[in-house]
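Heads up: the structure comes next, in structure tokens.
In this document, chain identifiers A, B and C correspond to the written order of the chains, with residue numbering beginning at 1 in each.
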């Protein structure tokens, strides 16, 4: 999809420096960019790469404004580089063809499933009875959608994904390859000498615009629904336990693990590999540092880190001191020696004052 | 499956408060329950939800006995709410139809595989030569069972599961969607400038009633078997390295990682995201707190936490002090100042006693 | 494949103790070994097992040389037991048949895909337009290879693996079951009240001889390539974020997580469950202890541990002191009491010297 630099500038709210009529039809990295591509240059260190680059134009953050003229290529100067890059990619990738609608002949669709004619069901998909697939949905290959599940309009379901019986995937959601929605929860009771499973009679419900990463697992609820609210984004290899609730627009980075019945508020951010213990609540807009283990509730808006997690600013201080714990320990030992030496000295002074008569050294 | 409240009470060892003849045919959460459903009410805070609920009856723990009469609905009062809920769900879900036996026409079954006629082989399954599938087994969709593997009676194998050649799945076991049994172990030796794999000639052997979560991986042994003993339960996204041994009835929560040749005793509990270093042994009935990293052996019955893990009670104390490490550090600094001030004072006293003659201040 | 003990000794650079003409055709653990098998005995504690073992011969490390004669079986004495075992397994497993070449009738191969005639495409595979599959490649079952992806010669791709459009898998690489190469990166910008995805226009590129574990995920780059260089080995359930670069021969143990744009140097070792924050660099030959969280760059050759990670030797000291943080805290309290007691004593001495005239106790 060919545009002029000026048209792109309007699309991403950028300022053109150089020829506004320059034709652009792609975005690429500096290394790969060709004569009709625009390439991002977000750091001045990339100037070395720039010399070898065939890029026709550059996308440059406004904070590098003073350097833009010296880069030797036409420039789009933008306030928010992530936004500008995102919009450019959206625009210039839009050209790539959409798969055509229809059910692949190898797919198995139960006769009691309801498919919108615009839906695309890829090779080897399996849709059980009562499944509903709405307008514009794309199921890639090997997707297994269980009985009575509902995939709302414009969802994209990656290859090898599993959507269990009765689960609901909100409009415009994206499920990554190999993701598993609605496996059974990990709940047992002890029956004499063995563990006996508490069956999962509930479901998983995703709001609109939820994104679930590759090989991520969201367990179904015992009763009711494990819920991921609208606009929440889960990265790859995340675990969401049964009956957990994830608030709107929450971001869960890769390998996060939420135990059963956890509640994560709206607009939260959980760094990679965070774990949250069962039944804990993380308030809205809270942020949890990567690798933290959350063992207690987190108040709305708070930032916590650590294992177990507590206030981030305090954790930073403690972490710095942890590195020099040996100095603290040595300091204490030396001070103790110093104190004993003072005590002896004091005893000597007291003795001499008392003309050598013995005195209890502890005072 | 319709029952009276009284029949359910007998089934779960509960006491009826209210009409024993009340007909019940489902369990649901308070929010979703209809006029023939029983709903659990395990916390008094749920009374708000109760007002809106259409539930016909309530399952209430005995510790809320004094409140049961005031709830305004017939009640089943139970000693162990997890047990009662589990049994109720088992009973009332039993009605849901079992998939019919037989091999789906899209499945590929090697002619040298041996299938019990009651087994169910779902769409797109692949069973290689020498596979044995016993009575009552259900293979969902896209299950790949490698040569000479053996799935014992009454197992349920989730969609997209992989069971490698020669592996054995004990009777009544459950494999979650996307689980991988018998991938090659992660073992290499350095051959000059490159890593060279030590091939895995062994297998994976699961005992009876083992459950393996979604996308969980159990690697095959180099020689012999990686073994998960009877009744052990592994949650989602767990990693079990080659030659590891997991004892009977062990519970491994989500995202646990066991390195190669680890031995986990019977009746142990490993919290979420626990890691265990290679060749370490965790004794029977030990408990390991979520997020811990086990670097040394753990004695039977012990409870450990932390990274690296040590005795849980000590870890709790250390963790509390870690949060206030700055106070400890500040305390030490202040005490050092105090000591110096005392030293000066002592010097002054000694000087005055000696009529101003100089004295070594260090005593 | 039958060999004499002497032939095996030459193959693995070992010394024969006993009959050099002994015929051997398999390797097995002590427990399972039969009368034509050789079994490894790497620890003297295994002598108990040896008594029950049917093994014809033993593979023994040179450090146990003095005990070799007493073991009662012919022995191969080797310098590097991992190497010897690896080579023996390679040799003796080579007999097992290779799957025959060709495309399984259930596989779907786009007519614009280019397959070498020696390639093997297993049941239910899906190869989209423009895919290139070179000589000797084996795609097991349910592999989905996206448009224009390139699988170089002698690769082995496990069942249920996903290779996204445009990705390149270097010669001799191995992808584990359920692995996902080229899912979209986890990058968003905030558009008013919602997160909006930055599309991934880049790819994943694996060098030669890369191995990727089961259910491991490698995200595609925003632009350019997420790159795993030749000979790097990734265990199961690893996450590699978009635009990350993993150097040659790096070893990433299970459940490691690399955030976006991380750079991992050549010949590094990352223990299980390590996390590395976005844009961090880990220098060549660095080693990172299991469970560590890397928040800052790591210099080449350094060994770090901890959360956040720092120099391993210092971390060990700090970890030991962390366990006895209560003693440190108690020590400080007791020392403070001791100091106050000295201060009182000093005051008393000063008072008596001054004949009872009051003195400022702080000196």
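As a working rule, a contact is a pair of C-beta atoms (placed from the backbone, for glycine too) under 8 Å apart; a residue touches a chain by one contact, two chains touch by 3 or more.
Since the structure is predicted, the reported quantities are computational estimates derived from the model, not experimental observations.
Colleague: So what shape is it, when you link every pair of chains that touch: line, ring, star, complete or other?
Modeller: If you draw each chain as a dot and join those that touch, every dot ends up joined to every other.
Colleague: Examine where the copies subunit B and subunit C touch and state whether the two sides share over half of their residue numbers (same) or under half (different).
Modeller: Under half shared, hence different.
Colleague: Just the number, please: Cα centre separation of subunit B and subunit C in whole Å.
Modeller: Chain centroid spacing, subunit B to subunit C, equals 23 Å.
Colleague: Give me the residue numbers in subunit B that touch at least two other chains, ranges are fine.
Modeller: Subunit B, residues with two or more chain partners: 106, 124, 142, 160, 178, 215, 237, 255, 273, 307, 322, 325, 328, 332, 335, 339, 342, 346, 349, 353.
Colleague: Sort out for me which residues of subunit B touch subunit A in the complex.
Modeller: Residue list for subunit B touching subunit A: 27-29, 31-32, 39-40, 80, 82-83, 85-86, 89-90, 93, 106, 123-124, 140-142, 158-160, 174, 176-178, 209, 211, 213-215, 231, 233, 235-237, 249, 251, 253-255, 272-273, 290-291, 307, 319, 322-326, 328-329, 332, 335-336, 339, 342-343, 346, 349-350, 353, 362-363.
Colleague: Can you check the complex and tell me which residues of subunit A touch subunit B?
Modeller: Residues 108, 124, 126, 142, 144, 160, 162, 178, 180, 183-184, 186-189, 191, 193-199, 201-202, 215, 217, 219, 221-224, 237, 239, 241, 255, 257, 259, 273, 275, 277, 293, 295, 307-308, 310, 314-315, 317-318, 321-322, 325, 328, 331-332, 335, 338-339, 341-342, 344-346, 348-349, 352-353 of subunit A touch subunit B in their complex.
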